[in-house]
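These notes are about the structure you will find just below.
The first chain written gets the first letter, and so on, giving A, B, C, D, E and F; residue counts start at 1 in each chain.
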Amino acid sequence: MRFKEKIYLSLTALATLIIIGLLSYIIFDILKNGIGVITWEFLSQPPREGMTKGGIFPAIYGTLVRTLLMLVFVVPIGVFTAIYLNEYGRGSNFSKWIRLAINNLASVPSIVFGLFGMGFFVLFLRLGAGLLSAALTIGILTLPIVVVSTEEALRAVPNSYREAGFALGATKWQVIRSIVLPQALPGILTGAILSVGRGMGEVAPLLFTGVAYYLPYLPSSIFDQFMDLGYHIYIMTTQSFNIELTRPIQYGTALVLLMLTLSFNIIAIFIRYRMRRKRS
Amino acid sequence: MEVREKLAYIIISLLASVAIISVILIFIFIARESLPIFFNPEIKKEANLRVFFFTRDWQPISLIPKYSFIPLIVGTVKVTIVAIVIAFPLSLGAALFTSEFIPGKFREIIKPVIELFSAIPSVVLGFFALMNIATWVQVLFHASSRLNAVTAGFALAFAVIPITYTICEDALNTVPRELREASIALGATKWQTAVKVVLPAASGGVFAGIMLGLARAMGETMIVLMVSGNAAQITLSFLDSVRTIPATIAAEMGEVAFGSAHYATLFFLGLLLFSITFVINYIASTLLERTQKRLRGER
Amino acid sequence: MVNPRHIFDEEIRRLRTDLLRMGTLAREAVDKSIKALVNRDSSLAEEVIVGDDIIDKMDLDIEMKCMELIARQQPMARDLRVIGTILKTITDLERIADHAVDIAKIVKILADQPPLKPFIDIPKMCEISLSMLDDALKAFVNEDTELARKMCERDDLVDALYDQVFRELLTYMMEDPKAVVRALYLIFIARFLERVADHATNVGERVVYMITGVLKELNV
Amino acid sequence: MVNPRHIFDEEIRRLRTDLLRMGTLAREAVDKSIKALVNRDSSLAEEVIVGDDIIDKMDLDIEMKCMELIARQQPMARDLRVIGTILKTITDLERIADHAVDIAKIVKILADQPPLKPFIDIPKMCEISLSMLDDALKAFVNEDTELARKMCERDDLVDALYDQVFRELLTYMMEDPKAVVRALYLIFIARFLERVADHATNVGERVVYMITGVLKELNV
Amino acid sequence: MNNKLKIKISVRNLNIYYGKFLAIKNITLDIPERSITAVIGPSGCGKSTFLRALNRMNELLPDVKTEGEVSIDGRNIYSPDVDLVKLRRNVGMVFQRPNPFPKSIFENVAFGLRIQGIRDRERIEETVELSLRRAALWDEVKDKLYKSALELSGGQQQRLCIARALAVQPQVILMDEPASALDPIATLRIEDLMRELKEEYTIVIVTHNMQQAARVSDFTAFFLTDEDRAGMLIEYGNTSDIFTMPKDPRTEGYITGRYG
Amino acid sequence: MNNKLKIKISVRNLNIYYGKFLAIKNITLDIPERSITAVIGPSGCGKSTFLRALNRMNELLPDVKTEGEVSIDGRNIYSPDVDLVKLRRNVGMVFQRPNPFPKSIFENVAFGLRIQGIRDRERIEETVELSLRRAALWDEVKDKLYKSALELSGGQQQRLCIARALAVQPQVILMDEPASALDPIATLRIEDLMRELKEEYTIVIVTHNMQQAARVSDFTAFFLTDEDRAGMLIEYGNTSDIFTMPKDPRTEGYITGRYG
C-alpha cells in the first residue's frame, strides 16, 4: 500500500517535472542562443542586406502598434460583455448565446480567424490588409480572454455587495460603477494584459490580414501593412534565402517576442495572485 | 437618472452582442467564400464533396488540381494523436500533483509556472521544435525526415499541455476540500482519495480538458506549418512528413487566385475546421458546466 | 416519523412519574397519620415522621431535575408550563407531607391520653382532602381540566367540616378543662387537613394552568 | 465594554425589585396584623385582609414574568438559579402574607373580646420572624450568604418562643373556660408567626442556593 | 395584538411566485411601528421571500411575480408609480452575512449619501458619525475611520452594515438572519442594538433561531409550508404569547421542536 | 467528573502551532468512553484544531506542529509507528457541512470498505444497510440506494455522512459543528442520533451552540483564548454542572452570554 502510493506519487511528480523541465529548456535554449544577438542596434535598426543583417525594429514596432490598436477594441467590448453576462443578463437566453459564442471564439483555430479577417475586414469592409484589419482580427481572437477574466473578477464580487447597494437605494448602474467595477478592476487589468500577451504572439491570423515580409518604412497609417515579430521568425526560419546564416537573427527575434509575451503574462499572474490573496 | 440607466443598458447590450455577431460573421464569411463549391458550376467540376472525400491526392497547383482532403485529414489526425498521447498523461499527472499532493504554497508557484507555457507564442514553439525536437526525434527514431508527424505532434503537445493542464487542475481544484477530508478521515490514502473521490467528481472537467486540448491540437497552425514537413500523403507511419488542414490553409491561401476553386476549397477547409471545433467546444463546455454545477449544486 | 424531541419528552415523562410518586407518598403519609390517630398507633405515626425524609429528598431532586432540564433543554410553551407546574406542585406536595408529619407528631402525643370522642368528622375531612389530592394528580396525569376544576369545588366541603370540627371541639374545651389539650391538638389536626385540601386545590389550579396556560384561583 | 446581556440583567433586576416589593408588602402585612392585634385595631386588620389581593396578584405576575423570562431568554447557570429562587421565594412570601391575613381575621374576631393578658411574647415572635425575613431579603439583595445563614439560625428562637406561648396559653385555657376561645386564637396566631419564621428560613436557604448552587436545609 | 400601536406596514393577501411556484400564499398581517417583529419558521417556508417583498428586493430576481398589497404608512408600495429607489431608502436592509463594501469604514457609511449625489463634506461627516453612533460602533471605530471595513470583526462588520443602512435615514429596517454568521456574544450585541433601534425604527427580522426571536422581538409571525410547499402565516401575535402559549398546535409543535 | 467511566481518549499537555502561532496551549483532559463530550468556546479558541488533533487531520495542513500526547486506549497516536490509515478508521469524523461524495447513497457508505480492498458484495451490502440503520436513515433511503446522495436533504445528507463514518467501524466519532448548517428540526434529529450512537461509540463534538452542548452532551469542555490568542481549556466537567453551576467565572460569563 505504502509502496504503491509512493510510486503513483512519484509518477505525478515526474509529469510535473517533465513539463517544467521542458518549459525551462525552451526558455533556456532561446535565451542562450538569442541573448548574444540582442544589442541596441538589433532592437532599433531595420533589417539590412536582404534581412541577413541589421535589426528587427520595424517588426517590434508593428507588433506593438497592432497590439495596442487591438487593446482599444477588445477591452471595452470584453469588459462590457462580461458586465452584461454577469450583471444584466443572468440566466437570460441572450447571455446563453453570448456565452456559447465566447466559448466558441476561444477554441476557433487561429487560422480560421485569419480567413475571417481576410473575408470580412479586408475584403468585405474594404479596410485593406493592414494594421487595422489585423488588430480587429486579433481582437476578436482575444475577446474571450478579456471576457473570461473580467467575468471571473465580477463573479468574485459577492452578490451581497450588490444587494446591499440596491437596498441602499442605488440604481443598477450606480451599483455596477461604484461597487462592482472598482472591485473587479484587477481582474479587468489581468484580462487586458493577458490579451496583450496572447495577441502579440499570434501569427496565423495575420497571414492574410496585412503582415508584410519586408517593409522599407514604418507604417504611417492604420491601413498600412506592417512587419511582425512572430511572422518574422516564421519567415526567417522557413522562407529566407539563407536559413542557416540568419540563425542568430531568428534566435534574437524569438527571444524578443518570448520576453514580451512572458513578461506580460508574468505581470498578469502576479496581479491575479495578489488579487486572490487579498480576497481570501 | 432613468435615462442614464436605460442608456447604460442599451450600450452594454450592444457591446455584448459583438461576440455573437462575430461568430455568426465568421461562419457567414467563411461559408460565403466556400459556397462556390456547391453553386459555381465551373468550380464544382474541380472541387466537390466527392473529390474531397473520395479521392486520394491533394495537389492543388498541379496542372490538373487534385483536392482530396484525405491526406490532410490523415495528417491532422496523426499529429493530434501524437500531441494528445504526450500531453494528456503529463497534464493530468501534473494536475493531480499540483492539486492533490503538494501543499498550498508550492501549488501557488507551480501552477502559474506551468501555465506560463501558454505564454510562449506558437511560432516560438515551432522555432524551438525546428531547432531541437526535430533533431531529437531523428536521433531517437531514426526518421528519414526531420520534419514529421511525431516532431509536429511533440511540439503541438507543448501547446496542448497548458490548456489541458489548466482545465484539469481547475476541475480537480473545485472539488470541495471537505470531500477530500471526508475521504482521508475514512482512512483513505491520498492516492485513493485522488483517484476514487476527486477524479470522479471532476471527471467532466477532466474530459473537457482533453477535448479542448484536442481542439487546440487540430487547429494549431504555425507549429505544424513549421515542423510537419508539409507533405500531403496518406501513410501509416508517424515518422513521415504530414500536412494538416490548418497548415494547408496558411501555406496556400497567400498564393491562391481570388475566387478560384482552390480559394473556395481552402475556405471550405476552414469551414470544416470551424465546424469541428465548434462541436467539440460545445460538448466540452456543456460537460464543464455540468461538472461545475454538480460540484457547486451540492451545497 | 420519530418525534425529534423524544428524549426531552422522555425526561418530562420521568419527571411526571417522579411527581406522581411523590404525590402518592404524600397522600399515604396523610392517610397513615390519620389512621394512626384513629387507631392510636404510635409506631405508624413514627413511620410517617421518618418517611418524610424521602419526600423532602424527592422535592429537592425533582426541583434540581427541573432546573437542569430548563438549563439543558430550553423548554418553551407547553413544555415549559409542565416544568413550571411540576416545580410549584412539588412545593404543595411537600407541604402536604409536612402536614402529615405535623399530624403524626400530635398522634404520638395523644397516644398516651384517653380518646376524647370517636373520630367521625376528622377521618371524613381526611378522606375528602385526599380524594381531592387524588383527583388533582389524576387530572395531572390525564391532563383533564374538567376533573381539576371539579375537584377544587370540594374544598368548600372541607372548609365546612373544619368549621364544624372547630366549633365542636371548642365546646369540649370550654366544658372540660381536662379535654383542652386533646381538643386543641385535634383542632390543629383539622386545621392541617384543611390545609391539605388547600394544597390539593393549588395542584388542581396548576394543572389547569399547565393545560390552558391560564393561571387563576379556582376556589377562593 | 457594554454587557451584552444587559437587557436580560435589567429584566432580572426588575424582577428582583418586584420580589423585594412583594417581600416588603408581606412583611408589612404581618407587622400590621400584629399591631392590629396589640392595638385591637379592626380597621387595620381589615386593611391587611384587603391588601392581600395585591400580594396575590404580585405573586402571579412575578411567576408569569419568570416563566416568560425562561421562555424568552434561556437563562443558564446563575441566571437560572436567580429565576428559580425568585419562583420559589414568591411562594413563601405569598404564604407569609396569607398568614398575615389569617392573623388579621382572628384580630377582627378578638376585637370584641376583652384582652386576655398583655402581649409580650407574640410581638416578640413577630419581631424576630420579621427580622429574619428582613435579613433574608437583605441577603437576597446583597447576595450575602453569611447573612442568610445567620438569619436562619434565629428560627430556633422563634420555635422556642412558640413553645413557651403555647404552654402559657394552654394553662390559661385549662384554668378558665371563658379564656378558651381567645387563648386558642392566640395559639393560632403564634403558630402562624412560627410559620412566618419558617418561610423566612426557606427564603434564606434559597438565597444560599442562588449564590452557591447548593440547596440544603439550613435549619431543620 | 396590541391595538394601541400604530400600524407601519400592512400586508394584504400577499402571494409571491417564483415562476410558477407559489412561494408564499395569502399572507395578511400588520406590523406595528417602532417595534421588532420576528418572522420564524422552518427552512424554505418563505421567510426571506416575505421580507424581501417589503422593499421589493425580490424584483432583482428574474421571474418573480407578486400579488396583493403591501402598504407602508398607508401607501401601497406595489402601485406602479412608486419610486423604487426612494422606497429602498425608506426601507433599509441588513443581510445574513456581514457585507461591508471593501472600502473604508467611512466610505461604507457614506455610500448611501454619495449615490444620492450629496457632496457636502461636512454633512456627510455628520451623518456618518451619527449613524455609527446609533449603531453603537462609533467608539470602537472612531480612530480608524479610514481603515478598510474588512479589518473589523464579524460582529463589528454587521453593526457597520446597520450603520450604513441607517445613514440613508430609513424608517423601516429589514434584517434577514442578521446574526446567523456571528458568535453568541456578537449576536447578543446585535440583538441589543436592535432593541435600541426600535425606539426610532420599525424592525422586521427573519431568524432561524427561535431563541433569538423569543429574546428580541415584540411580535412574532410563524410561517409554515402547506402540502404544495407554499409558505403560509400560521400564527401572529405577541412574542410572549407565542412562546408561552401559542394558539395553533403547529406553532406549539415548532417552537418546542416537535414539528417537522 | 464521573470516575467510574473508562477513559477512551487521554490528552496530555497538547500544544498545536500553525507555523509560529500557538493555536492551542497545554490542553490536558480525559474523554470517557461511550459518552458525548462537547467542546464549546468562542470563535477561534481552537475547538476545531483540538478536534482535528484527535485523528491527526491537522497534518493535512502544511506547517502544523503538534506537541504533547494524545492517547487512545492508552496508545499515543502521535508516536512515530502509528499507522495513520488505521488511526483514521478507528476515529471517524463528521464535518460541519454535510459532504457526501457525488456518488450514489450506497457508494457513499461503501466507500470506506472499498478503499480497504473489500470486494465481497454481500458483506458490503450488509455493512451498508447496518450503517444506514444505525444512522437512522435506512427507512428513508432504502428505496433509492442507487440515487445520487446529493438529492437528499441537508439533514439526511448529514446522517448519510454519519453512516459513512460508521461503516468503517470506528470507536470514536469526531463531529465539528455537525448541525450548524441544518434547520432546527434536522438538528434535533442529529442530536437524537448522537444520543443513540453513544451507546456504542465515544463521541466528541465541537459546537458553537451552547444550547446544543447543553442538550446533548454528557461532558463539556470550555475553551477560551488567552492574551496571545492561544486556546486554553478553562473548565471541563459534567455538562449539568457546567450549565447549572460552572466553577470558573469565565465559564459562567460565557454560557450566560456575558463574556466577550
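Going forward, a residue touches a chain if its C-beta (ideal position, glycine included) is under 8 Å from a C-beta of that chain, and two chains touch if they have at least 3 such contacts.
Since this is a predicted model, take the numbers as computed values, not measurements.
Where chain C touches chain D, over half of the residue numbers in use are shared by the two copies, so each contributes mostly the same positions.
Distance between chain A and chain B, defined via averaged C-alpha coordinates, is recorded as 17 Å.
One inter-chain figure worth recording: chain D and chain E are separated by 48 Å, centre to centre, where each centre is the mean of the chain's CA atoms. Mean C-alpha positions place chain C and chain E at a centre distance of 52 Å. Looking at chain F, residues 85, 185, 188, 210-211, 214, 243-244, 257, 260 sit in touch with two or more other chains.
The residues of chain B that reach two or more other chains are 1, 189, listed in rising order.
Each of the following residues of chain C touches two or more other chains: 4-5, 67, 71, 74-77, 80-81. Of all possible chain pairings, those that touch are A-B, A-E, B-F, C-D, C-E, C-F, D-E, D-F, E-F.
Here chain D touches chain C in the complex through residues 56, 60, 63-64, 67, 70-71, 74-77, 80-81, 84, 87-88, 91, 170, 173-175, 177-178, 180-181, 184, 187-188, 191, 215, 217, going by the rule given at the top.
On the side of chain E, the complex with chain C involves touching residues 210-211, 214, 243-246, 252, 255-258, 260. On chain F, the positions that touch chain E within their shared complex are 42-43, 183-186, 188, 208, 210-211, 254, 257, 259-260. Taken in their complex, chain F has these residues touching chain C: 136, 185, 188-189, 191-192, 195, 211, 214-215, 239-240, 243-244. For chain E in complex with chain A, the touching residues are 55, 57, 60, 62, 85-86, 88-89, 92-93, 95-97, 99, 101-102, 111-112, 114-116, 161, 164-165, 168.
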